[in-house]
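Everything below concerns the one structure shown next.
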Amino acid sequence: MIRRRVARGATGVAVLLIAAELAGRTGLVDTSLLPLMSTVLARAAELVADPAFLADVWGTLIVWAAGLLIAVVIAVPLGTLLGSLPRAETATRPLVEFLRPIPSVALLPLITLLIPDDSAIKMTAVVYAAAWPLLVNTMYGLRDVDPIAKETMRSFGFGRLAVLARVSLPSAAPFVLTGVRLATAVGLIVAVSAELITGGTAGVGAFMIRAGAGFRTDLVLAATLWAGVLGLVANALLLELQRRAFRWHAATSGELS
Amino acid sequence: MLDVVNLRHTYGQGPSAHHALGGIDLKVAEGELVSVVGPSGCGKSTLLRSIAGLIEPTDGHIRIRDGHVTGTPGDLAVVFQDYSRSLFPWMTVGENVALPLRRRGMGRAARRAAAAEALAEVGLPGAEAKYPWELSGGMQQRVAIARALAYRPTLLLMDEPFGSVDAQTREDLEDLVLKVRELHRMTILLITHDIDESVYVGDRVVVLTKSPARVAGELSVDLPFPRDQIATRELPAFVHLRAEVGRLVRAKEPLPPFHASQQA
Amino acid sequence: MSAATTLPPAEVTKRRARGGRLSALVTRVWLIPVVVAAWEIGTRQAASAYFPPPSQIVARAYELWFSGPAAHLFLTDDALGDFLPSLARLFGGWAVACVLGIGLGVALGRSRALAGYIDPLVEFGRAIPPPALVPLFIVIFKLGTEMQVATIVYGVIWPILINSIDGARYVDRLHMDTAEVFGMGRAQRLFRIILPAAGPKIFAGLRLSVALAVILMVLSELVGSTDGIGYQLSYTQMNFDLAGMWSVIVLLGVLGLVLNASFLAVERRVLSWHRRARQTT
């Protein structure tokens, strides 16, 4: 069963690669616009050994990871606070509802004026974008805690903080991690967007802009491939983490099967 | 009408395989109502799903009107055991009942009228605008029955159709099935775990063994028509048949007839 | 003597309900005016060029967009010239992504074999951050609407596709069996069983995609455009018109809010069965 899936998947990928190659070779698509698949793959392989490109990837990774970390440090405690105080939650909800849809990309021109440092600009945008899913999911997770479990703890004489630490936070944890996953995806999108817009010197996006300006679509596509690999790895890591940390949750919600 | 020959079905493969049907032979004549009883988990639903063409049996043949069942035969309706999941929650009760009637080439108004009539017959007049999840389990079950009856199939398969209704409604529905069969010349295969019911509605009762299911025995029910909930159940013949079916279900040797009449 | 004692009982309860609703509204939104006021005072005190007070932002927004002739619903030429192209791209790209995403998603969800061939490509495609394709689209389509729509479609399609696959794949077996037994045709199964059953999932994907569409619209217009809201943003930045820039930011927040709210309203209508069915069980 699994072997058949792998075989089919490999076939699908192979067919796409060959079709793309043939489309170029037969002149169906203009190779000056879209280079041959083999060229792109060769470039992608070369890029691994290209220190300039690796530095760009590293730059993106740093912005992305640091932005996420800062967002977690800010948004999760705030979400915990708001989520465990129902009044505060109702009061801040409209504010959250208004601030959340402002695309952080739209803040970039403003941030650029405010902050001189290139990577600080990008990081700020990533923090803004990543904070919302974290905040909202944390709040949601804390609101969703089974009241019976909380009351049981209270009836044994545990205080508010003990209930928070032993019941509320553990049961909200899966939601927080869902927030982290969403934030990771959005963070990468915003990091690359920021690199495209600010025209900075470092980052995968900046690499692509330079390559695109020189009409080197082979390099652009090769870098795109690596950006996809980056996204794949990040998502796989987080899924694995989620699975390990919350076996019980996945088992009860049937998400694993 | 329906001819099942040496039907076998195995779920899964290897060590975890489960032999659900162990060679079932069953004939149902045109217009006949056959009750099937058997212990829980023996494979009754599996038998019904095979006849409906929803699973491909591992071995054996199913013929309906001399045609081999490969896909789902036309002109067939099923009342599933899991009735609540077989109703569509995004449609109202009326739409659920009327939906299959599109295939009958009926116009919108005719479909509506037929649905309303079928719902009234099962004791749910005026429930068309409700949603299935607004009804109790027993009411949902009656909607599933109404849907099958409104369709007027030539072959009707029912899988424990009266499982979650109260005793009074259950008797009404049993009588309804008998009436509809009479009126529209349907052939019906009815699965039940209620021995009384199998005798009361059936022309014939087929008893299955524990899994892998085989036919443990068959009994012809020659009770007079029209059947009556009180009078029929009082008849010594009814009591005797009920005991016989019970014995087959419990896989005991059937006792000689005089024994039973002595007890009665 | 309060007037309420002489009112008929029905009127009293009505008034109470209205008062209750009003106070509920107040408890929900009181923070907004407080924050706006604090912001106004704070920015006036700080007098920073980068942080104009809200009153100034509103005045600038009015001047920019809403001081037009009544015949144009008071919208200025600038407003029409910026909003319309942006919204057209947004909805156009989103609509294309919906049709492609739902169509392909249902096909992949219903066919195990097809899904087997395509799954790795889908996984890879959605892992590429959509902005990473902007440089490629610029080369292929040049700067302009095509490139912008392509960016939006590519970025928005994934949540729709993934959720449609998921929804179509896990349609209750018994629903499909029932459809089969009653002899429903392919089209009927698709429109009456599969799509409604997958509806809640599909809508979840659509909701995610609306927010993404706004982001990508702005991005693609910032990168290269001669009109649109994103262009307005970079124009105000270049002219150091900070009040104008803040106006655009607020406008985008409002746009996101309105889109989300109207989307939720549609979802509530279309999926009312789902919401209510879940409440009863």
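Letters A, B and C mark the chains in the order given here, with residues in each chain numbered from 1 onward.
We take it that contacts are C-beta pairs under 8 Å (C-beta built on N, C-alpha and C of every residue); 3 or more make two chains touch, one makes a residue touch a chain.
Keep in mind that what you see is a predicted model, and the values were worked out from it rather than measured.
Asks: Work out the mean Cα position per chain and let me know which chain is farthest from chain A.
Replies: It is B.
Asks: Could you say which chain's mean Cα position falls nearest to the mean Cα position of the entire protein shown?
Replies: If we average C-alpha coordinates per chain, C lands closest to the whole-structure average.
Asks: Give, as an integer number of Å, the spacing between the C-alpha centres of chain C and chain A.
Replies: Averaging C-alpha atoms per chain gives centres 20 Å apart.
Asks: If you average the Cα atoms of chain B and of chain C to get two centres, how far apart are those centres in Å?
Replies: Roughly 50 Å separates the two chain centres.
Asks: Could you please specify the touching residues of chain C with respect to chain A in the complex?
Replies: 27-32, 35, 50, 113, 116-121, 123-136, 138-140, 155, 211, 214-215, 218-219, 222-223, 230, 233-234, 236-237, 240, 242, 245-246, 248-249, 252-253, 255-257, 259-260
Asks: Inside the complex, what are the residues of chain B that reach chain C?
Replies: 49, 52-54, 72, 74, 76-78, 80, 82, 85-86, 88-91, 99-100, 102-103, 131, 133-134, 151
Asks: Which residues, counting only chain A, touch chain C once they are in their complex?
Replies: For chain A paired with chain C, touching residues are 4-5, 8-13, 15-16, 33-34, 90-95, 97-110, 112-114, 188-189, 191-193, 196-197, 204-205, 208-209, 211-212, 215, 217, 220-221, 223-224, 227-232, 235.
Asks: Which of the residues in chain C end up touching chain B in this complex?
Replies: Its residues touching chain B are 172, 174-175, 177-178, 180-184, 188, 192-193, 196-197, 199, 273-274, 276-277, 280-281.
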